[in-house]
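As structure tokens, here come the structures.
Two complexes follow with chain A in common, the first pairing it with chain B and the second with chain C.
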Partner chain A sequence: MLRLEKSTENKIEILSLFGEVDASNSVILDEAIQELVDGGAKSIIVDGEKLDYISSAGLGVFMSYLEDFNDKGISMKICGLTPKVHEVFKILGLDQLIPIYEDRAAASAS
Partner chain B sequence: MKHKLNFACQTSALSELRAFLQGAMSGVSLSEIEKHQVTLAVEEVCANLIIHSHGCNPEDYIHLEIKDSAQKLVFEISDQGKAFNILTYEAPDLKKVMVEKRKGGLGIILVKKIMDEIEFESENGTNTCRLIKWFHS
Partner chain C sequence: MVKLPSIHIGKLSLLLSILVWLGLLFVDLVRLFGMINEINSGISDEITWILEILFFFTLYGFYSYSIGKNIQSDFLNLLWRGASTGIFASGVALLIELFYLSLGDNKLATEPFLKNFFYHVNFALTTVFLISSALLWKHLILYQKSKQVVKQWQAFEFAMLVAMFFVFFNKNNFDYSFLFGMVILLVISAVLSGNLKWIPYLTFKEKWKSLLFLFIILICIGYLFRRFMAYSEAETYQVNLTDNLFLMALFGFIFIYAIFSFLVTLFNLPTSSVFEQKLTEAINFQRLSQSIQPGENEEQVLDILLDSCMSASYSDAAWIEINPEEQKTGANQLRFLDEPTKNELSELIKTHKSATEWASTDHPEMLQALAIRLAHPRYESTLLVPLVINKTAIGRIVLCKEVRDGFNKEMVNIISTFVRQACIAVENHRLLNQAILNERYQEELKIAQRVQKALLPTKLDHPKSFEICAFSNAADEVGGDYYDTFKLDENRYVLIIGDVSGKGTSAAFHMSQMKGVFHSLIQLNLSPSQFMIKANSALSKCLGKNHFITASIFIIDTAEKKICHSRAGHIPTLLFKAKEATSEFMLFDGLGLGILRNKQYENHVQEKTFTYESGDILVLITDGIVEAKNQKGQQFGFERIRSLVEIHHAKSPNEIQTQLIDSLHVFVGGVRMIDDDYSMMVVKFNNDN
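Entry: the complex of A and B
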């Protein structure tokens, strides 16, 4: 099960993920990010503090936006990952492509 | 000890698969992080089969058998769909995935990095993929 919550703090769009992202629901994550982009977001923080699991289907969603975000000057940061989930980002080397912060405060301040 | 699970080829079965794997691995000597990764690797192979070999047809089934010994855990995944040989599939590099905005291809990279050995065979219409994780002392 995946639940998403959106909020805005100081012009930063926060997308909080709750539960698990896999091939059955990664489209929900994709749509949520696309909506933020369509809404003119320039700065996005994905808060993964309550994200228990993410498979390649979800990681692929993040990957698919990176090139576009570079071109359009949109910043995307990820924060709050649990050690288990963070390790998966590291195995793929995604931590080299997307800035990952310990918590939301650190991500906002950078 | 052996654990067995049959599940239908639909992505909604993946959460059931994860719960089964976590239960089956509850007593094995892997760290929580390793169990999480092994769960992910097995799920990636099964998700590939569900989507690409079976077109999410809920009337098709995948059979999973877990065998553990003192040295290793073996996950045997078998199906009767279009054979996908994970050993000969060349996983794309990360840069290519990013530039081409592909949402696939990452799963196989994960499986190959997480598991210690991978075997594949296809015989009489049945494909078998074995994912092996050694216990490191």
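Entry: the complex of A and C
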């Protein structure tokens, strides 16, 4: 089960994830990010405070935007990950490519 | 063997009946000779009667055999058989009558022997006609057998049998007992004659023919009866053969049944078209309800449907409209209509508010046929019938008539039934095709499964200095996990384990690419990090946008007891050190393959070299094991693996692996509870080199 919430704070698009991202619902996440990009977002924070689990398919979604964001100058940050989910990012090495912050405040401050 | 005697029964009974008739003729002529010459021939009347009854029996035997043999013959054939026999018998009787008329006062005209001979001929032919007709009637009466009718018929046959022997105590007198017997038999005949169920099955044309045949039979009966009556009035025949209760009753029976049939057929003529129509409808319905045979298509069903609907409603023109999105082949089917007229009518229908509302309904499955009036010079009424398949309207049938309000309730009902049935047939056809397709996909997946299983090595390369075993299980038919080994030289062995993001078919394709990349690059004698850099560059060109592969590679040098290891985003490998009896998951930087698809990747991959000693264990796993969840939502995790390995470290790799997999299954609560691919490779180093 995955639930998404979108909000805007100081021109920063915040995408909050609730529940789990796996192969069956990674498309929803992909569509949400694509929507933000199409909407002209320049700065995106993905809030993973309530994210319990992310599968490799879910990580694939973040990965697929890396190059695109680089080209368009869009910044994407991830914040509030639980230790378990954070470790998944770390194992894959995505933490080297996407800045991961302790919480939302830290993410928007940087 | 069985057939031979049955052939003889027919011929035998015919032969016997002829012989009996000749005997009868001889006996009567001898008696006549005796009377004329006033000599008592000593032949009593009873002998004649016995021969007569024998004649009846043998004829009955012959005809019941010969009609029973042609049981398939239709009603018209049966009637024609009766009529032709009647014509023959009457014809011969007429010729004899004409012969005597032409003789005039000639002496021959009063010749008693000749007269008696002709009398016997007449008697024989009339009996043949009567008995054969009676058996034909039996066939018609018992056309729709019920227990009651069969019993009635049996009673009739029994009564006839009694009538045959009646002559012995009645002595051929026309008395009250004769009359009594006659009345009983005629009543039974009349009751039996109510069984006319064969008539409605005749078509209009057949009814006319059967009327003709029945008329011929009636004429023949009348004529032959008159002849018989003439004989019984004449005094020249000593033993009367024809004033027999049996024959008289047969006359009555055949006459009654023929007249009943004639009248019922006559009165059935006007309604026969309705019956035929219903029969056609039933046949059409049956054709529509048959599932579509292989080789046939939906168009053919719709073709039959359109014809059936037209004939059921006597429509003057019709067409089928299939919605553009459903249209697969060919143009709309038109009947007795050209394209311009059809377009004209379509436009007219569109102007009707009820028709447009009807066409734009949200619930096609609730749609009924709609009859509307048209202001068209030729076609004044039209009926719209929806074709609803699987709750969506795929199109409609439009039936047109030249009369106003031409569609009555019965027509609409039968047409709706036809359409529903045809739609079910089409739906079933589609479902069947779908099922066949699914079956094929299943087969293809099974093949894919076999092919993929073959991609994983069955034999793992290893020297005596370490033992190795591996295991892999896919969540679906095919999966994205990969492991392999390679022997670089006598002392150097490569191990690899990989995991494609996602699962299922797409993962399986990428897994096979991974295998190709591994076996190509490993031959180049690269270091683990160089291997990862090259593999990343190769896979960047192969993988889909949001796919990546994680991998861990180990190059084991058994001579120097060193292992060089690089990790590309893969789940850390567990290293158990026997000496310290501790273990750790080796986590260090290493980005998954295909995530960074440029030169930058080089900065994100490292390699570590470490030594090993005997008793050390490597456990390579994929994330399916770590992330496997139990019913409470807890993950199997790294710690359980670590402690299990520490507990069982003294065992062989195979035993350790079994221990881990079993614990995993117990943890999740069943073999099928893990919805990800999971694999494992266990290596244990031995004491000797």
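Going forward, the second predicted complex is superposed on the first by the 110 of 110 C-alpha atoms of A that agree within 3 Å, B and C clash if a C-alpha of one lies under 4 Å from a C-alpha of the other, contacts with A are read in each partner's own complex, and residues count from 1 in each chain.
Throughout what follows, a residue touches a chain if its C-beta (ideal position, glycine included) is under 8 Å from a C-beta of that chain, and two chains touch if they have at least 3 such contacts.
All values derive from a computational prediction rather than experimental measurement.
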Can A:M1 be said to touch chain B (first), chain C (second), both, or neither?
-> first
Can A:A109 be said to touch chain B (first), chain C (second), both, or neither?
-> neither
Partner chain(s) touched by A:L59 [first = chain B, second = chain C, both, neither] | both
Would you check which partner chain A:P83 touches, where first means chain B only, second means chain C only, and both and neither mean what they say?
-> first
Please work out whether A:G93 is in contact with chain B alone, chain C alone, both, or neither, and reply first, second, both or neither.
-> both
Which chain A residues come up in both lists, the one for chain B and the one for chain C?
-> 23, 26, 30, 53, 55-57, 59-61, 63-64, 66-67, 84, 91-94, 97
Touching chain A in the complex, chain B uses residues 11-12, 14-15, 18, 32-33, 36-37, 40, 43-44, 47, 50-51, 94, 97-99, 101-107, 109-110, 113-114
Can you name the residues of chain A that touch chain C in the complex?
-> 23, 26, 30, 52-53, 55-57, 59-61, 63-64, 66-67, 84, 90-94, 96-97
Chain C residues touching chain A in their complex are 499-504, 545-548, 550, 568-572, 587, 589-592, 594-597, 604, 623, 627, 633, 635, 676
Residue ranges of chain A in contact with chain B within the complex | 1, 20, 22-24, 26, 30, 53, 55-57, 59-61, 63-64, 66-68, 83-84, 87-88, 91-94, 97
